[in-house]
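Each chain gets a letter, A, B, C and D, in the order it is written, and its residues are counted from 1.
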Amino acid sequence: MIDPKELKYSKSHEWVRYDGDDVVIGISDYAQESLGDLVFVNLPEVDDELTVGEALGDVESVKAVSDIISPVSGKVTEINEALLDSPEMINEDPYDAWFVKVTDVQETEDLLSADEYDEFVKEEEA
Amino acid sequence: MKLIFERSVPGRGQDIFPECDVDIRLPETPLREEAPKLPEISENEMGRHYTQLAKEARGVNDGFYPLGSCTMKHNPRINEAMASLPGFTNVHPLQPADTVKGCTEAIDTLRNILCEITGMDDMTFQPAAGAHGEFTGLLLIKAYHKSRGDEGRTEIIVPDSAHGTNPASAAMAGYKVVEIKSNDHGTIDMDDLKAHLGPQTAGLMLTNPNTVGLFDENIMEITRLVHEAGGLCYYDGANLNAVIGMVRPGDIGFDVIHLNLHKTFSTPHGGGGPGSGPCGCKDFLAKFLPGKRVIDGEYTQAPESIGCVTGFYGNFLVMVRALTYLLFNGSDGVPELAKNAVLNANYMQEKLKDLYPVAYDTTCMHEFVMSLESIHKEKNVSALDVAKALLDFGIHPPTMYFPLIVDEALMVEPTETESREVLDNAIAAFRAIYKKIIESPESVAASPVTTPIKRLDEVGAARHPILKYDFSGEKAE
Amino acid sequence: MGTYIPNTKEEQLKMLHEIGYKDFDDLFKHIPEEARFKGTLNFPKGKSECEVSAIVSGMADDNKVFHKIFRGAGAYNHYVPATVNAIANKEEFLTAYTPYQAEISQGILQSIFEYQTMICELTGMDISNASLYDGASAAAEACAMTHDRKHSTIYISHTVDHRVREVVDTYSFGRNTKVVVVPEVDGETDLKALKEMLEGDPSAACFLMQYPNFNGIVEDADQIASIVHGAGAQLIMSVNPIALGILKTPGEIGADIVCGEGQPLGLGLGYGGPYLGILACTKKNMRKIIGRLVGETTDSQGERGFVLTLQAREQHIRRDKASSNVCSNQAQCALKASIYLATVGPKGLKQAATLCTSKAHYLAEQLEKAGLKLTYDKEFFHEFVTDCPDSGKLLAALEEKGILGGLPLEDGRILWCATELCTKEDMDEVAATVKEVF
Amino acid sequence: MEKKTPLYETHVKYGGKMVPFGGFILPVQYETGIKKEHMAVRTAAGLFDVSHMGEILVSGPDSLKYLNYVLTNDFTDMEDWQARYSPMCNENGGTVDDLIVYKRGDNDYFVVVNAANTEKDYNWMCSHVPEGCDVKLVNDSDNWCQLALQGPKSPEILAKIAAPESIPEVYYTAIFNGKVGDIDCVVSRTGYTGEDGFEIYSAAENAPALWEMILKAGEEFGILPCGLGARDTLRMEAAMPLYGNDMDDTVSPKTAGLGFAVKMDKDDFIGKDALVADQPLARRRVGIKVTGRGIVREHCDVYRDGEVIGHTTSGTFLPYLGGSYAMAIVDSSKREIGAPVQVDVRGRMVDAEQVKLPFYKRSK
């Protein structure tokens, strides 16, 4: 799967979509691929304050748990409840399976473009 | 195979209880609407059901069980005989102290022996399992620092090779867990340790030999540094079988320890319990020990006790088994356990390492770790595949994917109660599997083929958990 | 010295040589000299099985075994059907490890799945774990399940067994959480105080009650449930599984979490252990429940099978972020409980509960006639409290007759217990003794 | 089925706790308890029923020659009315029993043996009469009762109910035609308690009367009826070996510390060769004083420096000394008075030290 050009990516493999002043966050195809079949996600609660570089939640595979690092600081306005019941959505279409929507974004880590991210992933695999 | 509920037929059952010899009287409170859907089944049917289940379970008595870090040694029959004596099984925990002299003697005798073996001064038997003992030991450390007003010590140092229970127990005890790196010998990176020691250090949790089966040769230095920093040293007894009678944790700088009676001291694992995780300590911590014990005919509790971690005195009948085992082996037999556990592990390591690269090519203790990383890369056969393939040889798989610091790890612990022939057969099996890996990797990935059930869908189980039987499927009677 | 090491000294030496070691010293030489233990261990040398058997049996003989027991308080003298130990001690069950290897552990896994189902049936909960250490530690873990960022204070009734309260306190000392005891009036939880305390504290995480409580009284759980939920906290009920043979279930009452001591389900007294920690909860707590869980699934050919599931909650994956360090259950005890419940069945369990409570009421009447006043005029199950002019004297007199009387409480009161094993004759004898003594 | 002594009803009447012992039913203690009974004997007096002891009559022209052959002690220089203690050995030097020989006159000996061994001893003695040795052996046990009046006050008590000429002056002598009250008795100044005292033999039917008479006479001195329990703690304190514990068929009298009653210089007797061969003694008896916690019983391993050096043969709590003591048989090379040892009490190492025997010696 090619990574959508309109998205920005973090080095910890989250993707970010700008939606006006708000941002939507999910995890990249490379991330879901390397995590394997996901069986559960822990999401923050609406109104939680996120801090850039800190975990906003985690995803569980059968034998591993990985934190989802927030690329931004801000306030959670919405969470994708659907993921709680069917985490497999993340494996099926990672760019459709968003995790959280965040508003009044304070700071953002410097994110990569799709091409830069592809490069970055290639380096990591090498 | 059927669930017991699927064998149940309404109206059937077994006659256990007598008629009531007094007037029937129920409390005048709300009662349950409908009876629980428990099985209604004859003794014969039930017996066969469980015999069937037993056939689909696997114990040490079924064959070689080299499960790393679990010490699956033989469980002596005499232990069971002693633990089922009516003089023990029919004693109420709240009987007057002078009517339980035998129980208290058994406990005191076991305490004496275990303190002698570990070099500790006192011990509580309240913890019901190893992890429970860890939690207890950390509370002793916490109580100690608190009693000295030294509340700034908020960190417990744990090596990255540690059992998951170590950090989990530390967190349960309210500590921040600081993970330190292992060096390329698989033991503690001294610089990283020094870097993390300080006035915030409450203690260090260490398994020695560690989880890759290596004895940390810097141990004296390590415990000295921790003490200098004002911290205490916790010994995870999970691997005591490797050094029992040869090294005493109390002599090499450890202040607190837990043991696993169900590993080192031959009490059965019972499919996951009951175990027993006694927690031993040096004199200066004894006043914090939990639980009550009989001293001079009186039930007493340590003056500054942390409280209790179980309701009574711990898993007493498990303690009886361990005591029996220790009286049998005796002070002369105990060191032989370590010697032969270590011999058997090195014997297997030596005879396999040409095909299966060991993570650390040196003399191991009671267990060793192979890394199938290269095999995985080249043949796409994983540690899991090899483990499952062993099932087809009637061998219980080694521990997989642990320790986490080794990729594609298989951890093998033969124990001292296995004979040379058993080891030789296992070695032959490993080598045969390697041959298959070279010739037809995919066939290995397809194993096991001889087990009653094939590889199970763990993902489905976790995504949409079914955790109890669904009676709705049954047609209403 | 006795040993279970099969290889002879000669074989051992031969193996050492084969892999390039002179002797055992050579094998251990990498252990630093200063770390080696050099003395001789100061306890007796090994003995033959005969001798060991004699010694340990001698200890057992030094205990006084009572055949007429009227003491409970957390450990109950129930009949253990012959099937329980005969089956649970099968060596495949006894000598197996935790069922990590699903393919060769279906027997253990299925037995746990059946246990989970039976506990759900008993308690009316949606989910039961594979069991914990004992009732007290199960209560402590149950409380821990209710913590979150917003709720951190544990409320616990004074009518809960003080042993259970002490373990909850000790766990809380570790987790740095606050425990508040709700007072008791007239043998029951002070509901007025409960209401005020909970409603005054938005951080209230849960309220732990015992059912029946330590005094044997069956408290008004429905009312407690509405108070607790009204205050936005969760209700944890610590139950006696035999009592659930007749009493309204925690499920029907609306409890969020159920814990309890499983010892009455065929485990015997055993001087306090091993026992069995029951832990069950509603669906909404599924991912918070502590301890092992077995789930149903299918294998590659569509066959039904069972696996340990939701393991990502657990220590071996989450390490310091795990909700608990528990990494085993009391599998063999859980198996005994399942066998017990399968043996007695729904009718038998109800019968056992009915016998217990009927006999307890008879005993209470006889003791009253003999002159002991019931301390509380409340509905009880199979335990109750009486006043007593001189409990020490009475209990000593009973002990003379080989009877273990009730548990002496402070200010001379006694907590009595009757089970299906107490006969009318025994109870009349107790009453007669009371008359003799006072 | 255990036999009853002529005093069975009396014991029951006095509240004796009856137990089987050596083929008889005897009181292990009375209501006062072992400790009080023990102290009574040390400070005043106590009365024991020892009717279970066996009595064997030896007569005939070769009696002396026979006794010197079958027993280890030397009876040649014995005066009439003397008593003499002696072990009886088997060919391997092991001990068949220990017993007391009374000389009633030339070729007329009265031998008192341990209850449980009466049959065994009698058969042994009969089967070991040498060729052409003219001696007659009669097991007369059932016709006798035996009471033991023991303790410092015994002489005064006996003086109240017996004429001086019925009371032997010298220790280990006896008076055969004595009278206590108006009952014909053999009065012997012997005992098994380490105290001064008397053992009184009479016809079985006299037992109850004798018993009552002595207790009544002793009342003002604080006499107590005593059971087997006190008898055992008393003989332990005095380090008197108990047959079956401290010695048996496999333990020689010398090992058991009875060398004084083994006369190696007399010509051949049963077991002599074996006893000669066992010089110096490989094993010897020693006292054990418990310095740690706990009571040591018989059959416990004794450790010195981590090695087993022997085992205890008797052990209990000794009321008069107020401590836990034991007797042990240990390797002579490891036997060292004052040296620390450890005793394996059911898996627990109890600290102790080697001490001289006897633990208690009465002040003469």
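Here are some notes:
Everything that follows uses one rule, which is that contacts are C-beta pairs under 8 Å (C-beta built on N, C-alpha and C of every residue); 3 or more make two chains touch, one makes a residue touch a chain.
Treat the numbers as computed from the prediction; the structure is a model and nothing was measured.
Path length between chain A and chain D in the touching-chain graph (shortest route): 2. The chain with its C-alpha centre at the largest distance from the centre of chain D is A. No other two chains have as many C-beta pairs in contact as B-C. Centre-to-centre separation between chain C and chain D, using Cα means, comes to 56 Å. With centres defined as mean CA coordinates, chain B is found 38 Å away from chain A.
Chain B and chain C have Cα centroids lying 20 Å from one another.
In chain D, the residues that reach two or more other chains under the touch definition are 306, 346-349.
Multi-chain contact residues of chain C (touching two or more other chains) are listed as 40, 42-45, 55, 58-59, 310-312, 317-318, 321. The set of chain B residues touching two or more other chains comprises 105, 112-113, 323, 326-327, 331, 458, 462. Judged by the touch criterion defined above, the protein chains form a pattern that is neither an open path, a ring nor a star, and not fully connected either.
Two chains count as a pair here when they touch; such pairs are A-B, A-C, B-C, B-D, C-D.
Chain B contributes residues 401, 458-459, 462-463 to its touches with chain A in the complex. For chain D in complex with chain C, the touching residues are 301, 303, 306, 308, 342, 344, 346-349. Note for the complex: chain B touches chain D at residues 105, 108-109, 112-113, 323, 326-327, 331. On the chain C side of its complex with chain D, the touching residues are 40, 42-45, 55, 58-59.
Per the touch definition, chain A reaches chain C in the complex via residues 39-40, 60-65.
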